[in-house]
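Take this structure, written in structure tokens, and hold onto it; I'll ask about it next.
Just so it is clear, A, B, C, D, E and F label the chains in written order, and each chain counts residues from 1 on its own.
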Amino acid sequence: MSFTPTTEYLVPKLKLETLLAILGRGVRLNGRRLDEYRPISIITDYIPNADGSALVKLGNTQVLVGIKLEVGTPYPDTPNDGNLIINAEFMPTASPIFEPGPPDENAIELARVIDRGIRESRAVDLSKLALIPGKRVWNLWVDIYVLDHDGNLIDASSMGVLAALSTTKVPKAEIKENNEVVIDKTVRTSQLSINKYVTTVTVAKIGEHLLVDPDLEEESLMDAKLIVSVTDDGLIAGLQKSGPGYFTEEELMKAISIGLNKGKELIDIIKGSVQASPQVV
Amino acid sequence: MSFTPTTEYLVPKLKLETLLAILGRGVRLNGRRLDEYRPISIITDYIPNADGSALVKLGNTQVLVGIKLEVGTPYPDTPNDGNLIINAEFMPTASPIFEPGPPDENAIELARVIDRGIRESRAVDLSKLALIPGKRVWNLWVDIYVLDHDGNLIDASSMGVLAALSTTKVPKAEIKENNEVVIDKTVRTSQLSINKYVTTVTVAKIGEHLLVDPDLEEESLMDAKLIVSVTDDGLIAGLQKSGPGYFTEEELMKAISIGLNKGKELIDIIKGSVQASPQVV
Amino acid sequence: MSFTPTTEYLVPKLKLETLLAILGRGVRLNGRRLDEYRPISIITDYIPNADGSALVKLGNTQVLVGIKLEVGTPYPDTPNDGNLIINAEFMPTASPIFEPGPPDENAIELARVIDRGIRESRAVDLSKLALIPGKRVWNLWVDIYVLDHDGNLIDASSMGVLAALSTTKVPKAEIKENNEVVIDKTVRTSQLSINKYVTTVTVAKIGEHLLVDPDLEEESLMDAKLIVSVTDDGLIAGLQKSGPGYFTEEELMKAISIGLNKGKELIDIIKGSVQASPQVV
Amino acid sequence: MSKGKVKLIDNGLRHDGRKLDELRTIKMEVGILKSANGSALVEYGKTKVIAAVYGPREPQMKFMALPNRATIRCRYHMASFSTHERKSPAPTRREIELSKVIREALEPVILSELYPRTSIDIFIEVINADGGTRTASITAASLALADAGIPMKDLVASVAVGKVDGYLVLDIDEIEDMYGSADMPVAMAPALGRITLLQLNGVLTSEEFIQALNLAKAGIKQIYEIQKETLKRKYLTVKVED
Amino acid sequence: MSKGKVKLIDNGLRHDGRKLDELRTIKMEVGILKSANGSALVEYGKTKVIAAVYGPREPQMKFMALPNRATIRCRYHMASFSTHERKSPAPTRREIELSKVIREALEPVILSELYPRTSIDIFIEVINADGGTRTASITAASLALADAGIPMKDLVASVAVGKVDGYLVLDIDEIEDMYGSADMPVAMAPALGRITLLQLNGVLTSEEFIQALNLAKAGIKQIYEIQKETLKRKYLTVKVED
Amino acid sequence: MSKGKVKLIDNGLRHDGRKLDELRTIKMEVGILKSANGSALVEYGKTKVIAAVYGPREPQMKFMALPNRATIRCRYHMASFSTHERKSPAPTRREIELSKVIREALEPVILSELYPRTSIDIFIEVINADGGTRTASITAASLALADAGIPMKDLVASVAVGKVDGYLVLDIDEIEDMYGSADMPVAMAPALGRITLLQLNGVLTSEEFIQALNLAKAGIKQIYEIQKETLKRKYLTVKVED
């Protein structure tokens, strides 16, 4: 059951007029240009017990992503592929309006949009994650924890997921009788195999204006947003219109074009963050 | 936890007096005789993805029943029988007072009363539903969806279940090694085996009057009802007094007699509806 | 999520002053001495369908403990041990403020504190509960039902658990092919093996006073309590400070000393109650 | 109800030595809990049931308050150790249905219109199950209501009749229920002649139904007498204490 | 979307004989339920969806009431027998996401500011699923809203475009979705030129996206015409009844 | 606690080179989150814990409002990737118990009577677990409360003492907890001499208990000093910014 959000962020609607006026001049209340992201910091290998991890700061938004590899059973229709499972939790630390509990529709939408971008672009080579084909494969658990919410959770999460996956080290797995697999996490045998890089770019629509990386205040004033999943070879690997408003055809075209451009920048930042991580050779 | 219903249907209690007066003359506010059902329409094979299905209209009440056959494991005490599982859901489409969520006590009571009638009369030959005796059997899922609620959901559901079961086609099942069973739903090998027909007849008590097939308004005014499960060979295959009121011994006898009489009529209607369905030979 | 309790027992806070004054003279509002328990009655073998059981009355507090032995699978880290599983339910019969539902934090704390005392002191010899080492073991289910709540649920439960365990009779288990185990509960082959006796002693702090076995009124007025798990060889087998207040170091020492003393008395009472139970030879 | 492969009736006597129309040993006690406003313990043979009543009191949830009468809340619950196999504590569909039919078996006698906007809560715990738990529950709940001083038009007493090896028998236990071909629990307010619960799980002819109902009525009458004696004993005891 | 191992397009025709830009047989009916304020049944080929609308009415929960507009509630749900494998009745993550995007596809046309402090509830049941259930749901919900007399700026019509065997095709069914490489559902308020839903599950180039959007628009236009005719038919029928 | 098969203490030094009475490397930082009213990150070796405080604010549920004081809400939660085996996100019984004892370890210092009818909410996330997560959580929550400006009588600092290979050792990590024979977490308000948390999981004699408590007190004193410095650093930094 989905319903119109009733917990409004405390932004006076009067601000909308001010915002629209200033947007007309190509700048934002927060001083950024319309196509400018906030400062991005990505720290990988942040969680010792995770098999891959990344802490992302996008302005004041903070997201922590952890990867766990565990032995699982393949789905009947993909008997030789590992299982990718992406979850997101909006922690109650992150916002005065978040309460503990199972993921709500926003957390589920976020996880599913990121999941589709990664899955459809084949960013992770799941075929390398079989242990005993048809019987045992790796479960690749991706858990997204939103720690601090100042808007645009999806781009922060999406960068964090890619950075964490790219620095994931596969542990030693020994195959025993009866399809038993014994894991030794003190030994890492390889890096997780990444085929290509993909990230989301979120373009918000406020009045007639399109801007990237909306902060919490801008999100509370926007009509809708378009989330564009972009690969490092310039393809669209997913789209999602989100929010109660609409786009015209022209706005859509423009938003996608912005997405493809900014996607390159974000992917470069992710790739940079991954350099520092020690590699399994 | 069960509690006195607090969501009253919007029927003025004044109406009760009018109703009682008119019932004394052998007619009902809706013009029906005391022992008269509303028009009944049953369409079978309504859901292509179901293995059997029926859409039942009982006046303005609408119920959709779908059957699914899946491979399951037998219960230890019936190792050679298929598993019959009957669920009912009161969809939020059906009434202003229904909300989404797990089945409430009314939906559970409905499903269990129908289940007992079918199980105790051995209407379905569950012994024909073993695949590998003791290891693999058919799960016979019966899902009742109440789409529109204008009273007497149980008789509508009960007729729908029988019609859907009687038109269920068993898919091809191939037995492989290690107790694996491969199902091919493009091929149907037989009809589901029906031993006998059974249905419920609901007799409502309003004041001193007994009437069949109460509509929503009558249900809101009734004291209690007796649900009589009746077989095509004239046996009582189940009873359930439901509602906050009581029956005297004399009323009970009369209600059961009405049930046995009307049961024959309803079973004829079910049998008629099943004729149109294509048969597996 | 834990929060400050908001359902206060209806004890006027004025009573606290009266209570403190009288405690200063070494007696309690209920006439007991500070180190005096209420009358204790333990009836074992109360539930025919349980494999061990005890009904404990501690003043007006009543707790019913039932033990069930079922075949289970061992945990990977204890392949040759039975599984001890302790649950507690505060039944809605027991108090005007208890509602049906899953165990709340108080019930969970109670079960976990008792579990730790038994587990850490190795009171039950779990190594005797293997059926097929590494494959099948006994699940030892301990279910605590609080029927009537007049304070100090934990000591009543703790005594009940020990009495029920000490009178548990292990049923006949026959090992078949494929790790199947067939149980025959009409035959009992041995007593459950008890290594040592352990119980909790609850010491409540009200103002500067320490007293044992607080009743409901005293619990509503106390600052905090210390639950001391004590073995029959005089060891501390667990500690838990519970409640919103604090202890000074001196108070702690005194409370533990009280616990060790009273523990002996309680264990004698448990042992006495067990005498009456028929033994499997 | 599975096929009756086991012979349960021999020479007119049942597997536990009872005659066809004989109740199990029935025990009743009221006022067994101090916190509840009313309580009772009822045993039908090895079946043991506790009932507690709280109220009339403020409803747990506001939406439950009815302007013209008390809301009756009822929970039938089986303890995890009460059954042969350990029962998970989560409420089953069976428990949900039985909570409803037990509530509806008691509502016809409670003078709920005397306590508008309140709730009368009935909590039933089956602590040992050997057949007849719902009927013992109704009998116990009715006693607990009386013990709580809730005004009622009559007590409700309840018992099941079964069909075993082709015979109709009174107050069936678990074995008879398992191997029998029908189980018909009935509850009545005997002084009023009101049948407040009737279920049938199994197949009967019309004639068998009439016989079964008469057998149930005879059993209910006996149980009703024990209920009244149990309450009288309590009142007398209380008087003596004065 | 798995690898396209099966050849689904042959000689410009699809596995069911349709041309690349051809819709399945579309059926619509409004007013199919009596209890709801508005309702509709929509079929895209073998995909069958029922939508019901209740409201404007008092919100289910007080906190849902908005001071300046109606709250729109929306549930997309698949019947357990609607899918190939039986679906558990508990809401899946997919159903939760789709409930949200469907709500957000309808909100831009509903004049919710006319009904402050109320709730408009949209309940969608997929009763048979053969691809395109979310788009059929939007089309059905839009009709049910109109049938309920909820003021709207425009109807919303919806269809998906897929990429199958390298071709962009209109209104893909389940087989095409399973073996195709992209699925792009689109919803529009055609008279206003507003795109109210856009999702892409799969990979496209920018050029392919533009073609796919144009294909979707053409399909939406046809569906929109059927919606209007369906409503007109209802109104005329109603008049005749007078 | 399983049998100590592994030798963990050799020549007076522990498996990680620490002395028996030595803490792990402790790190603390406050104000790490912008949305919360107060926050802290605390590390005990590889154990990492984040605490956030919201409030005093309106309680989430009306029934939580207390007329004479603030309600303290507390959640201790472990991130799914914080443990060796992935942890399911649903709260475990252990997390429920720890939420309670942590709340009760903090309540004795919070001046909750200053904020009647409000709620002070403490959210703790264990992001990496290597033993001592509850004690690090209390230390972190206490800092976050101070950072939020909640008036307190004292800070609360916490550490566990364990019994390993027969020795009492300070601030045990996960390996020591797993192979040791006792784990005794203690929390204190050092300036007030109040012990606000005490648990013992394992078996001790009375004499060992006294020694263990003294060892804990010594550790707590050190942690308390780091807490105070951490807050001082923040205040000074803030001042410099002015």
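Criterion: a contact is a pair of C-beta atoms (placed from the backbone, for glycine too) under 8 Å apart; a residue touches a chain by one contact, two chains touch by 3 or more.
Here the structure is a predicted model, which is why all the values come from computation and not from measurement.
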- In this assembly, which chains make contact with subunit B and also with subunit E? none
- Message: Sharing more than half its contact pairs with B-E, counted by residue number, which one of A-E, A-F or C-F qualifies?
- Response: A-F
- Query: Rounded to the nearest whole Å, what is the centre-to-centre distance of subunit C and subunit D, using the mean of the C-alpha atoms as each centre?
  - Reply: 31
- Note on the structure: Note: subunit D sits from subunit B at a C-alpha centroid distance in Å of 27
- Whole-Å distance, C-alpha centre of subunit C to that of subunit E, is 58
- Note on the structure: Two or more other chains are touched by the subunit C residues 1, 100
- Query: Which subunit E residues touch at least two other chains?
  - Reply: 75
- If each chain is a node and each touching pair an edge, is that a line, ring, star, complete or other? ring
- Beginning the circuit at subunit A and going via subunit E, which chains come one after another? A, E, B, D, C, F
- Query: How about subunit A: which of its residues touch subunit F in the complex?
  - Reply: 47-50, 53, 60, 62, 64, 66-68, 70, 87, 89, 91-96, 99-100, 102, 141, 143, 145, 147-150, 185
- For the complex, which residues does subunit C have touching subunit F? 1-4, 6, 77-78, 105-106, 108-109, 111-112, 116, 120-121, 224, 226, 231, 235-249, 252-253, 256-257, 260
- Parts of subunit F lying in touch with subunit A, wherever the complex brings them together: 33-36, 39, 46, 48, 50-52, 54, 57, 60, 75, 77, 79-86, 89-91, 121, 123, 125, 127-130
- For subunit F, which residues are in contact with subunit C within the complex? 1-2, 63-66, 69-75, 93-94, 96-97, 99-104, 107-108, 112, 119, 182, 184, 189, 193-206, 209-210, 213
